[in-house]
Amino acid sequence: MMMDWLIAGAVIMLVAAALSGARFPRVWLALTLAGTATLLATAFWTLGGGAEWDWRSSFAVGGERIHLRLDALSAWFLALVAVVGGGGAVYARGYWPDCEHPASAGRGRTWWSMLVLCMSLVLLCANGLHFLMAWEAFALSAFFLITLERERRETRAAGWLYLAASHAGTLGLFAFFSLLATKTGSWELGPMRDHAELAPLFWVALFGFGVKAGMFPLHIWLPSAHANAPSHVSAIMSGVAIKMGLYGLVRFSGWLPLPAGAGWVVLALGAVSAVLGAAFALAQNDLKRLLAYCSVENMGVILIGLGVALLGTANGDTAWGRLAMAGALLHVWNHGAFKALLFFGAGSVLHATGTREMSRLGGLWRAMPWTASLFAFGSAAISALPPLNGFVSEWLVYLGLFDAAASHTRVAVAIVPATIALGVTGALALAGFVKASAVVFLGAPRTQVAVHAHECGWWMRAPMLALAGICACLALAPAAVWPFISRVLVGWRSAWSGGKPPASLITLGYTHLALAASLTVAAIALWFRSRTNGVRRALTWDCGYALPTARMQYTGGSFAALASGWFGWVLRPERRLHWPRGPFPRQADFVERIPETVLERVIGPVGDAVMVASAWVRQRQQGSLPDYILYLVAALAAMGALVLFGSI
Amino acid sequence: MISILEFLARLAVWLFLAPLLPGVINKVKAWVAGRRGPPVLQLYYDLARLWHKGVVVSTFASPGFIAGPAVAWVAVLAAALLLPLGPLGTSLSFRGDVILLIYLLALARFCTAWAALETGSAFEGMGAAREVSYAVLAEAAVITAVLTLSMQSGSVSLSAMLTPSVGPGAVLLAVGLFAVLLAENCRVPFDDPNTHLELTMIHEVMVLDHSGPPLAAVLHGAAMKLLLFSVLLVQAVLPIGELSVAAASGAMIGGVLLVTVAVGFTESLTARVAFRRVPLLLTTAFLLCVFALLIAWKGGAA
Amino acid sequence: MKELLLIIVPLVAAALAALWPNNRTRPWFLPVAALMHTLLSFGLLLYPPEAPFHAWFGYDPLARAMLPAVSLLFLGCAAYGVPYLQLRSERSNRVFVPAFLAALGLMSAAHMARHLGLLWIATEAVTLSSVPLLHFNNTPRAFEATWKYLLVGGTGIALSLLGSFCLGYASLHGGGTGDLTFAGLVAQGASLSRPWVLIAWVLLLVGYGTKMGLAPMHTWKPDAYGEASGIVGAMLAGGVTTVAFTAVLRVRAVVEAAGAGVVANRTLLVIGLFSMLVAALFLLSARDFKRMLAYSSVEHMGILSFGAALGGAGLWAAFFHVWNNSMTKGALFLSAGNIRRAAGGRTVDEVSGMSVITPRSAALFVMGLFAVTACPPFGPFFSELLIVKSAFGTGHGWAAAFFLGCLLLAFFGLTRVVFAIVYGRPRQAAREMDPKFRETLAVIVPPVLLLLLSLWLGLFTPEVLRQSWTAAVQQLSPTP
Amino acid sequence: MNDWLNLLIGLAMGLNLVALGTSRLPSLIRVAALQGMVLGIMPLVIEHELRLLAVAVAIATVAIKGLVIPALLRRAMRTANIDRDLHPLIGFLPSLLLGAAGMIGAVVLASRLPLLPEHHESLLVAGSLASVLAGLLLLIGRSKAISQVCGYLILENGIYLFGLLLIHSVPLLVEGGILLDLTVAVFVTGIIVDRIQRAFDSLDTRKLTVLRE
């Protein structure tokens, strides 16, 4: 009963927020925060062992009665929606205020609440029809958020690409849900493991949800959308929205019977997404694009976990599958937290300097120490470095992988490459984030904009601090969230009775505490030691070069050149180089562009072919009446032939 | 109480024995070259001197310039403490600690690279770039090696998984890990610790601007890393588990010295390869580990 | 005989309008007659009259399932027509208004015609009555459009007359006594001579398909819609096409009774999917947003005949889609009319940034776009989803996949054009164009209402409509 | 009486060929008019007892198809001063051959279709099919609007012929159909003529291609 009221309240508050957004920013902020807080409360109530909430409406919408359910799995994702939704709302107040964006600020607020609402509804709906409705509504509100800055051509292009890709996915879901409905005879969703004939549907779902989840070959929309959207939007898109696709996969892989190859395919896709996502991220020169590709990578990590779990269920609900699944779920939260943090950081850099081009930045730590340190924290976390939260989840996935490999069953064929891929991914991600944070925040400012940067205000700083705090908690007390995870696991596979957290996880928590403490102590100690010995500021020695200029610093491109060179076969970098010539060389320049390989080398040609067909059809309709009559006759003949050979 | 004492003893072993190894290596190199060479304890003197020296910090550098080396040092030390010392075992052991060890080394790498990039020097940027890039390949090799060990032993915790199998697998693993050791510690043929041509260096060029206590931390950390890898290598290939304590410790020390001497000989007999061939070497090491893995897998299956 | 009022009222109104002297007040005939018509048709929807077996006109379940949608759409157009015609006061509407009203009456007649010949005559009359509407602007372009509409449509109509004759001959040959009411023909059933029935089906499908605008007989559509004013376009897209669809369905029932239902369904399926494909290909590279609407209408006709080909649940969904299509198309055409007025141009090269110049109409246009591309929560989403579902249910898996593919391509094309027109920077030229045009409530409210109707239809489909569609399905294929 | 009928139908079919063969617009118009008149009187030949409506329809047909429309077309032709369709889309010889082939095909098809006994030896079906084909051929093959109108008229004549099959059983349908079809013809012609009067345009359909993709 209380839950009914809470959720109804949350929905009403969010709707009210959407309505008030255009005119009353304060009211909007209050309502959104209240709504998300309520959602968070319900989520934790459910995760904390509260009964599964299940509600059916007395009235029908679209011919079906509304059926909402909140179980541990939904709650797990709902918590993420609530946290980032609330944090982003606060951030937006500082980042996208009316004074700077009179045209779009109000629109942005409205669609923000809509987005949060629709994502929550996606998580709650237990009826295929309404799930689809909420899904598409969520996709559309995301589209309107991405195109807030619609005066810019590239923003419009990115928004359209997103919309097109997402609609392709949605049509896949059309097929998925209508097949489900025809085979089960109703739109109701729920466990249906006993219908063996439903197994092939998993592939349709994999496409439909995979597009949204941004797994590798289907990720085409993701980089440009995340890069061109306003940063708080990028944060929720990358931290939460793509997780909706993942939610769909987890949800229906839990409810449907699975085809034989499911685990293998998901594992392979995960490995590919992880490695290539990291490689693409390393090669980017646009800060937000880098972060976007890194989302592909992290989705890959999560998918690896999911794939191992699916293999585990296929081999009799093994313990290693369970570990990997736990890791994947935890990584959902972790990635949500630090990816949002990083996008907020990138946003305040963009806000302060007006550029996302890393080669124009540098030395920002002096102007914006808060952002710099928070971004560094986020980078360390997302590179899965102990003692931070990213490591905990990857560690769980690793445990699953190692145990699976040690089980010496035939799954090892897939597990071993996946493990190595995960290791390589870690190293690549580390390189990428050293590059990102160092090129942006360290060294000397490369351009004037970097010199005149300013620290972001508290509206933007507070959410970053909150997210960093969440990361720290998840890092230092991972065992505390285990009960939640185990409830989700039981919800996913009833065979997996949750039980206590693995002893090693608790130990890891303590180790992290000790490690964090000693790191701080050591750093401070060394600082004091240097102080007592005396610190002298001097120009970078740089092998005795007397006049270093900012332009001489290592750029992001040169930093990444070595490692991304090994991935040249897929990155296909396009370089334009003018060598300096003659005794007094005038100008020499070097331009490098990293294309969207899949989009430009695969989707592009297909699209061109279709456009050729379209042009051909247009050629047939040039306004000549006799032709039109001819088509009439042709249709007559065709139908006649069809009837003739049909009736025989 | 006992445990605390034991922990302190372990700490002492790592802290005080580590700087010995570079000395030994240099001695061997000098001996091969027919020189007298610096005393074995040279690094101790250097560290002591540096610890009392003042610090010169680049004008661009942030506090991270000092914090980086400290964090890296702690990370390496922590990784070392996770590693069991043959018969003495380890003070802290849990499932998956080996992954923690690998990622602690990654943390160290992150901090060194970070500190290098603080100065905005092109050379140090170059060094950092090489460090993180080659680490990608080294990481693959390390993960594979660890995977091999865990498949052999069916366990994921260091104390249990360092039970080597005798035979071709061990040899392959030994060679592979040795190559990884050379790469990770920036020894010839991957890097030349005492060249003076900055363009050709990896690790040394990253620490160009460090001085005083931070530099001491960096050097000591590097020494510990070297010791760590040699201990790991020794335990990974020498079946010392079933020997008596004394014999085991003897074997350990002998093994570590052997590895050190081997490093010294490699350094004096081979030249640093061209940078574009480094990936080739690392890939070879990776493949060696893969073959070891395959053998371990078959062994486990049989 | 109340239902005959549906025909009489508009025709009388048309006559009066023709006699009415004042050019400024004449347009008011439109909403008044439309309102009466709507009330009447909905009254009959709620309290369906008996349709005597052999009656030539009858408000039978099929008419009941379709006609109210048309009169709703007409009401919207009529309400919009008043301000529109006052805006166009430079041209006399002495012909326009009567013709428009006559079209309504004749459409009602065509919907209610239960006699083969009468159906044909009514349809033809609708065609003729819409000729002056197309010619309203009296420009060379309008003339060309009219000429093509007349000749292509006329040929189609002639073919369908031939088809009707063939069907009649089939009944004669089967020993019929010259009773050409559909009820009679269905009753004659299997005794109809099969070859003649098949010939008749092909001729009638192509003939009425031409009026529906199924590819490849759609060629008149973009010209007509492109040149006609918004209300006429809406009327053609939501009303006249519906008439032709009704005709096809009535004939199909006879063919099914004659035992050739499978063949009929196959032809419907093929031509429906072909229309969707062709429309999608045209949409992909469309530049003119009024012609774009025409192709979208072609696509939806394809959807309708695909649904009809599936029979049963598919047919039910097709009726549902007729309603949604009428409402959304109406909203789209009317808002497009506003944009066209304000912008002066009609291609993406001339028009852009309308969200700045005409914010309301632009927002409407975008909403209509999402409605027509089957985005929830608008009606078409539900009907198309149901069609897909029944396609899968009847084992047409690949056809359904093809259907979805065409929907996707069409979505690409439509969104491309609409966003290009609505967003972006406004052309300077567009600002000065047609200062007479203002976004008054009178031109905004009708499309808004139509859109809301489509929303309401989708979310809370009234029970009476649901069971009227079920009844219509029952009437058309009594054997479940 | 059937042979009378068949004679007339044969005449109509012959006229189809003439229409397809001629390049001069006046003769084309004349042919269409003649065919219209020939068909117009047919009901009177078929009917046993003369009903008023039948007579009315016959008179209307003859009047409109034989006199009104041709007159209109001639005037239009004069104002636009064209009297030849010089550049047909399908040449005259090919269209003639096609028409002949169509005629043969029509006869064959008619003989294979199941017919009521009283229609067995009549040429109605064959004639109507042949005329429909001829009309379509003209519509597809000619470039001048006026010749297309004539094609449309011939197409209608074919349908009218078929309608005669049913004139006993369902006179109302047939006659209603015929009348309305006539109005279409009038409409088509009227619009053309009106256009030509105002724009002095030759109405070459190749010029009527402003509306295109």
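The first chain written gets the first letter, and so on, giving A, B, C and D; residue counts start at 1 in each chain.
Simple rule for what comes next: contacts are C-beta pairs under 8 Å (C-beta built on N, C-alpha and C of every residue); 3 or more make two chains touch, one makes a residue touch a chain.
The structure displayed is predicted, hence computed values, not measured ones.
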Original post:
Which pair wins on C-beta contacts, A-C or A-D?
Top reply: A-C
Subject >> Far-end chain from chain B, centres as C-alpha averages >> reply: D
Subject >> Centre-of-Cα separation between chain C and chain A, whole angstrom >> reply: 44
Subject >> Chain centre separation in whole Å, for chain D relative to chain A (CA means) >> reply: 69
**OP:** Averaging only over C-alpha atoms, locate the centres of chain B and chain D and give their separation in whole Å.
**Re:** 99
Subject >> Euclidean distance of C-alpha centroids - chain B vs chain C, Å >> reply: 78
Original post:
At which residue positions does chain D touch at least two other chains?
Top reply: 136, 139, 148, 208, 210-211, 213
Subject >> For chain C, residues contacting two or more additional chains >> reply: 144, 147-148, 151, 155, 222-223, 282
Original post:
Which residue numbers or ranges of chain A touch two or more of the other chains?
Top reply: 618, 621, 623, 625, 629
Subject >> Chain-to-chain touches, reported pairwise for every pair that qualifies >> reply: A-B, A-C, A-D, C-D
Original post:
Once bound in the complex, which stretches of chain C touch chain A?
Top reply: 144, 147-148, 151-152, 155-156, 159, 194, 198, 201-203, 205-206, 209-210, 216-217, 219-220, 222-223, 260, 262-263, 266-267, 270-271, 278, 281-282, 284-285, 355, 370, 373, 375-377, 381-382, 385, 388-389, 392-393, 400-401, 404, 407-409, 411-412, 415-416, 419, 423-425, 458-461, 466
Original post:
Which of the residues in chain B come into contact with chain A in the complex?
Top reply: 51-60, 62-64, 66-67, 69-71, 73-75, 78, 92, 94-97, 99-100, 102-104, 106-107, 109-110, 113-114, 117-126, 128-130, 132-133, 135-136, 138-140, 142-144, 147, 150-151, 154-157, 198, 208-209, 212-214, 217, 279, 293, 297, 300-301
Original post:
What residues of chain D sit close enough to touch chain A in their complex?
Top reply: 89, 136, 139-143, 148, 205-206, 208-213
Subject >> chain C residues within the chain D interface of the complex >> reply: 116-117, 120-121, 124-125, 127-128, 131, 135, 140-141, 143-148, 150-151, 154-155, 157-158, 161-162, 164-166, 168-169, 172-173, 176-178, 180, 193, 195-196, 222-223, 226-227, 282
Original post:
In their complex, what parts of chain A are in touch with chain D?
Top reply: 618-619, 621-626, 629-630, 633
